[in-house]
Amino acid sequence: MTEAHSIVPSDELPAVHTPPGREVAVELVGVHKWYGEFHVLKDINLKVKRGERIVICGPSGSGKSTMIRCINRLEEHQQGSIVVDGVELTNDLKRIDEIRREVGMCFQHFNLFPHLTILENCTLAPIWVRKMPKKDAEELAMHFLKKVKIPEQAGKFPGQLSGGQQQRVAIARALCMKPKIMLFDEPTSALDPEMVKEVLETMVSLAEEGMTMLCVTHEMGFARQVANRVIFMDAGQIIESNEPNAFFSNPQHERTKLFLSQILH
Amino acid sequence: MTEAHSIVPSDELPAVHTPPGREVAVELVGVHKWYGEFHVLKDINLKVKRGERIVICGPSGSGKSTMIRCINRLEEHQQGSIVVDGVELTNDLKRIDEIRREVGMCFQHFNLFPHLTILENCTLAPIWVRKMPKKDAEELAMHFLKKVKIPEQAGKFPGQLSGGQQQRVAIARALCMKPKIMLFDEPTSALDPEMVKEVLETMVSLAEEGMTMLCVTHEMGFARQVANRVIFMDAGQIIESNEPNAFFSNPQHERTKLFLSQILH
Amino acid sequence: MSLTFDDGTFIRAQMQTPLPPPRRNVGVIGWVRQNLFSSISNGVLTILGILLVAWILPPLLRFLLIDAVWTGDNREACLGAQVGACWPFIKAKFAQLIYGFYPSGERWRVDLVFFLGVALLVPLLVLSWPHKRLNSFLFFVAYPILAFILLTGGNIGASNFLLGHFGLMQMVAGDASVAGLRLGFWLDFLITTALCVAVAYLIGRLATGSGRGAATMTAYVFAGLGAITLLWDVDFGLERVETRQWGGLLVTLVIAVTGIVASMPLGIALALGRRSKMPIVRLLSVIFIEFWRGVPLITVLFFATYMLPLFLPVGVNPDGLLRALVGVALFTAAYIAEVVRGGLQAIPKGQYEGAMAMGLTWSQMMRLIILPQALTLVIPGIVNSFISLFKDTTLVLIVSIFDFLGQLRAAFTDPNWATPVTLYTGFAFAGIVYFIFCFGMSRYSLFVERRLNTSHRH
Amino acid sequence: AKLDQVKAKGFIQCGVSQGLPGFSNPDDKGNWTGLDVDFCRAVAAAVFGDTTKVKFTPLSAKDRFTALQSGDIDVLSRNTTWTISRDTSLGLNFTGVTYYDGQGFMIRKDKKVNSALELSGASVCTQTGTTTEQNVADFFRANNMQYEVIAFATADETIKAYDSGRCDVYTTDRSGLAAERLKLTNPDDHIVLPEIISKEPLGPVVSHGDDQWFDIVKWALFAQVNAEELGITSKNVDEMLKSTNPEIKRLVGTEGKFGEGLGLGNDWAFQIVKLVGNYGEMYDRNVGPDTPLKLARGTNALWTKGGLQYAPPIR
Amino acid sequence: MNDPKVRSIVLQVVALVLVIVLGWMFIDNARENLAAQKIATGFGFMENTAGFGISQTLVSYSETSTYGRAFLVGILNTLLVAVIGIFFATIIGFLVGIGRLSKNFVIRLICSCYVELLRNLPPLFQILFWYLAVLSAMPNPRQSISIFGEAFISNRGIVVPRPLFGDGTGLVLWTFGFAVLATVLLGAWGRQRREETGRPFPMLWIGLGLIVGLPLIAMIVTGFPITFEKPELKGFNFVGGMRVIPEFVALTVGLATYTAAFIAENVRAGITSVSHGQTEAANSLGLRSGYTMRLVVIPQAMRVIIPPLTSQYLNLTKNSSLAVAVGYPDLVAVFAGTTLNQTGQAIEIIAITMGVYLVISIITSVIMNTYNKRVALVER
């Protein structure tokens, strides 16, 4: 919050400060969630340390997206507690806004604003939420667009970009808010093989800068290369959680074994 | 055409008749196509024999979809000739209808009819185009729905199915017309890894029955397993065309090498 | 339950079973909290809203019920200082408001038409009722013919068809008639049919290579036309009731229903025309739509009354109600066309391609794939147009047709019921009647919209 | 000829107004009643001896003449002012005057105005008609007065606006003033000013070209006026058959063959009086003091009583 | 012959021939009929003296003016109602439409009732209701509500002083114009500064000060050249001043609220058509709900809203012909009503009236379509 007005001086992002006592970025304790009668999330316990990079995988419909969306309160949970960046999520609108400012999200379907240009998509939040001067916001946006290798598309509208390019804009847009935590929901679904590679490279470079990341993906290459921990979900529960090498080479749970056997065909 | 009214008696499809002199299913000679000023297809020459199974790959925007769509005249070409099933494609509406009856198409985005149930989606064309009695059409549709392993979904609407199931319906729908030639446009894009497997298995079983197939895909496993020939396109041209083993193990063109290196990461 | 290790490794040993959701937000207080007072501004809005209702409702109830007069025979009953609605007035005029000046001995015919209409419409509206095909045929084809015969008395005395206008038929057949049917007319009809079929064949042949389809189509149309005319021409012994004597709700419903039924196909055709790739067809459609959409219905009806006769051959003077019907139908068709066009635009190109790839012809594609989806999408817009149409029927008073409101206005002129509250009572009653019909349409459309929405049903 | 057509049809098609209290308005049973309507019945009585053999066509001011010209109606009996232009240029004939009307003003008593000449600066509510607005304009201009006119489509809204105080005066034909007055919250708080600013002789109209029909309609009215003058009413008309008064005998048809000249039976006038009544009865029944309208005879009284109703003799 | 091009040409030729034949038949008949009925045609009557009064005239008009002048007065009155009605209908419509999606149950309920009630009752009743309700709420001129003795509200309408321009008015008007210009420029600069520095600029107050203050100073300097004619109660009515008549108020309110119910439905449909993902994306960026609505949802909803909105604007304009029910002198009342009654020239008058409405409608359509093109999404 305090450094919100400073502009990025060089190509390097400032290192993430870790205030004392706040080394835990996200903590979910006994979280349950229902959609009507349907029990989607069951007793989720998860502690993400600052700077940690977590990959979440699991079959379709297992509740991965739901969990991620609970973290920035796009969905409400009914039981248990979620603490993000030291603030517990309640119905208090002020706090939710505060947290959303610090948590970036990159949607499965991008959700770019089709009526705004790429640049405007990226500057919207910095200008209206961070009250950043327009010029600074644009500079910042161009910085991140360069980072995802599409600065030349800044003036176009989302509808004019290919899927891969849109995906990268979504990432840049989230980064422009300089969030402390990033949530990615299947950032490479529906992409060409060549594009998959580019997007993953962007994320790897972010990871190298030490950002806290939660990423739903099935790109196991990415998990191996970047993650500190892999979480496997099924039927609304965390089934297994392990560091990548152990997870892939030596899955413990039966369900995990079955899933991995099908992916690595 | 003559056997249009017969129903499938057993689980087996009738063997494809090959009238003498018609051993070429599709032939493109010097085909060029422009979108306005943009030259999408440049001098395409391709001869597909009856029963051949061809995989087309290439980077995004290279004109793969466009070429496939020219074959059943969803797009008009401006130069060169396309002969399908012995009939040349011109502006003659009668002939186009005739050809479309013999050529099945499975779209990248399925294009199922959302207001009809799965069964109705499948029986529509047999009833209205082939003038088949409704009961026979339904029997036939169930036959193919069984084949793609979703007979239990027959009464649902497309909006109620998951992506993979929709994809399989699209295949079944095309097959219900008992086409001599099938065109697939990225039949596994936007699918979960578990689903990809199921769809490909369906196609393999079709291939085993000897249907002529042109398939745009990046699933190299499928290409290796099923294709007679792999075609690589870039910038609107066919760059390389070879049988799968040679194609993968020993690509000739520089562009092909680059592309393959990125896919097989 | 599960194994957790220090390094964050975690393996679930036992799967959790689904639990029922907690009942936290139930109960009256919970509901009030969540829906009414979730924040201060919300609370203020709630209180303001309740005040608004408290301000409007009581005077309304007082006028309609508490202070209202319920019995009486003439104006004397409803005079006085603090009198509310004068209901005896409505009671006295009720029959007129329903039937207009329809002869009282013949009103059973109107009742029968009403009854048949409801009996056929209800199963049509209940989506799950079977036999939709038969039902539609009965309602859209058989019912109008029957209603026409019942309401007018049939026996139209058909005398002139196309050739008759040029005085050609008289020479051949004279005034001879068999069983009350004039030979001249039917001879004329047959010759015209033959001519039209021939022309259709020629055009079809030129356009598509085979004229047979066009010719049989035309023949069917004429056969249908002939059958209907024949039915209408038969004398069933019913007394003739001119449309001039119709009135009240009967006229309102006749205009509204005919307008709705006739404007739909016309509107769809216009919408397709406007999206056509053929420039002349498109231009004609655009001109037609923009013209009718741009002028007030009042002037259209004026036009139909005072100017239309000028544009028709001397002596041709269509029935006043018919003129109003045509005016209303064309007017509504233009609106429907625009609404439908919106729906057509919303259908993704993929649907067209999917249909084409299956080998469907253009008309099959439209009928089976595109229109069902487009129309479902724009149900709210269509119903909006219908609601407008229903209310706009009041304008036919200009053409000296006494619809429901016109009949009410005529009732106001009765000096026996002239009181200060007569006008308010009449309008309150008319308001309730219009509201019931329009609200019914609006709710039904909502229901259909939800029912036909196949996209998100899990 | 028209008469033959009418006889062949079996009824008279009569154009009336779409609703004018006391002149033509539907009653509770949906039957048309009123002075104009009764006159049509009188014609039917003369032609058929049966007042039910008449059908009514409600017409607006705009299509009344067209309806007559095109032969849709046989006679127009709809408060139509007799003017030279209408009589001469539209191919019509006015057959007489059933009601002498004139445009007047109504005003609240508490405005303390006794003459229309004191209305300078007033707001005037009126109904759009063919001449009403022009008459007001002419009157105020001729007397050099300012005014503001608010013209409504129908009488109902006009009187409501006047009642709620939007206007100082309400102007329309005086018969209309009497009818609309009934709808006021406190009718006694209002007075009608003495000035009549226009002449509105209202009468039945037939189309040019059939003198016999013209005569029938004309004499139907004259017969009624004469009957009143002679004291023949629907109640005593049967006794009058035995009367020895030659004037009465000629009217009821016991002397002379005047019906033949019209192409009707000689009891034509008898039937009119018997079935519809004389002019006075017709007047009293529809607009007279015993009706809600409470219109005094005034100018519509017989010439013998200081009014204008005068009929040529039957002889 | 199976070529679609040939097919379409044949079809079009057939359509064209049909239309031409029909049109020719109409015109031919009309010629014959007109000749037969000796109906006076021509527009000469427009020059004749109208001879009737009109209660609201935006341009000078008196009984001695011509029918042509009355026609102009009618058009202007119609336009006035249409423009003001459209303005308010849009505002109310958007508020109610958004209100129908509110989280507050009472607001949602009231907005639903508003829509269902007003949409399903004939507009004629509503206009009459407003008219009689407005009238009954107002006192008569003698008891009129006085605002500082300058303006008066009564059942004759709202009367305000009318400015009379004396010498030196020019300067005052110029300064006023200058102030407006300055405010606009300043506003632009303020917005730019806001974008550059993020600091807001108190535009409202400074602008108000400029627009009110500068002309005031100029007035003082030139010695108050603009005097006001105060309305006075003389006899029956107020004399002098400018007046807003109750007929106008009722008609505008009635039409605006009625049309607003339809607009509200269109707005609701538009908003629900914007995918939920857009709101979520905006929220996840930290935008508050007000901003989300303004910056993300409404701009996208506009695409869906505009075509039916155009229809509603046209409807409002056309429904203004109900004016005659409450005695408001619009085009239909003055021209297709009184003038038609007096001259009897139905054909010309109806044709002109239709033409005027057609022109207004087409202009509205063109403006809205231009705007629609501007908000259309750019896609591949």
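Think of it as A, B, C, D and E in the order they're written, each chain with its own count starting at 1.
Here is the rule we use: a contact is a pair of C-beta atoms (placed from the backbone, for glycine too) under 8 Å apart; a residue touches a chain by one contact, two chains touch by 3 or more.
Note that the coordinates shown come from a computational prediction; the quantities given were computed from them, not determined experimentally.
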Minimum number of chain-to-chain touching steps separating subunit A from subunit C: 1
Two chains joined by the most C-beta pairs in contact, as defined above: C-E
Chain at the geometric heart of the assembly (C-alpha centres): C
Farthest chain relative to subunit A (centres taken as mean CA coordinates): D
Chain centre separation in whole Å, for subunit E relative to subunit C (CA means): 29
Approximate Å spacing (C-alpha centroids) for the pair subunit A, subunit E: 49
Inter-chain centre distance, subunit C versus subunit D - centres from mean C-alpha coordinates, in Å: 41
Separation of subunit B from subunit E, taking each centre as the mean of its C-alpha atoms, in whole Å: 57
Shared-contact residues (touching 2 or more other chains) in subunit E: 2, 7, 128, 346
In subunit B, residues with contacts to at least two other chains: none
Junction residues of subunit C - those touching two or more other chains: 306
Residues of subunit E touching subunit A in the complex: 195-198, 275, 277-278, 280-288, 291, 295-296, 299-300, 375, 377-380
Residues on subunit B engaged by subunit C in the complex (per definition of touch): 69, 72, 74, 97, 100-101, 103-105, 107, 109, 111-115, 124-125, 128-129, 157-160, 173-174, 177
Complex contact set, residues of subunit C against subunit A: 7-12, 15-16, 18-22, 24, 39
Contact set on subunit C toward subunit D in their complex: 75, 92-93, 95-96, 99-101, 104, 244, 305-306, 317, 397-398, 400, 402, 406, 409-416, 418-420, 422-423
Subunit D to subunit C touching residues, read off their complex: 18-22, 25-30, 57-60, 62-63, 66, 70, 154-156, 160, 163, 179-180, 182-185, 291-293
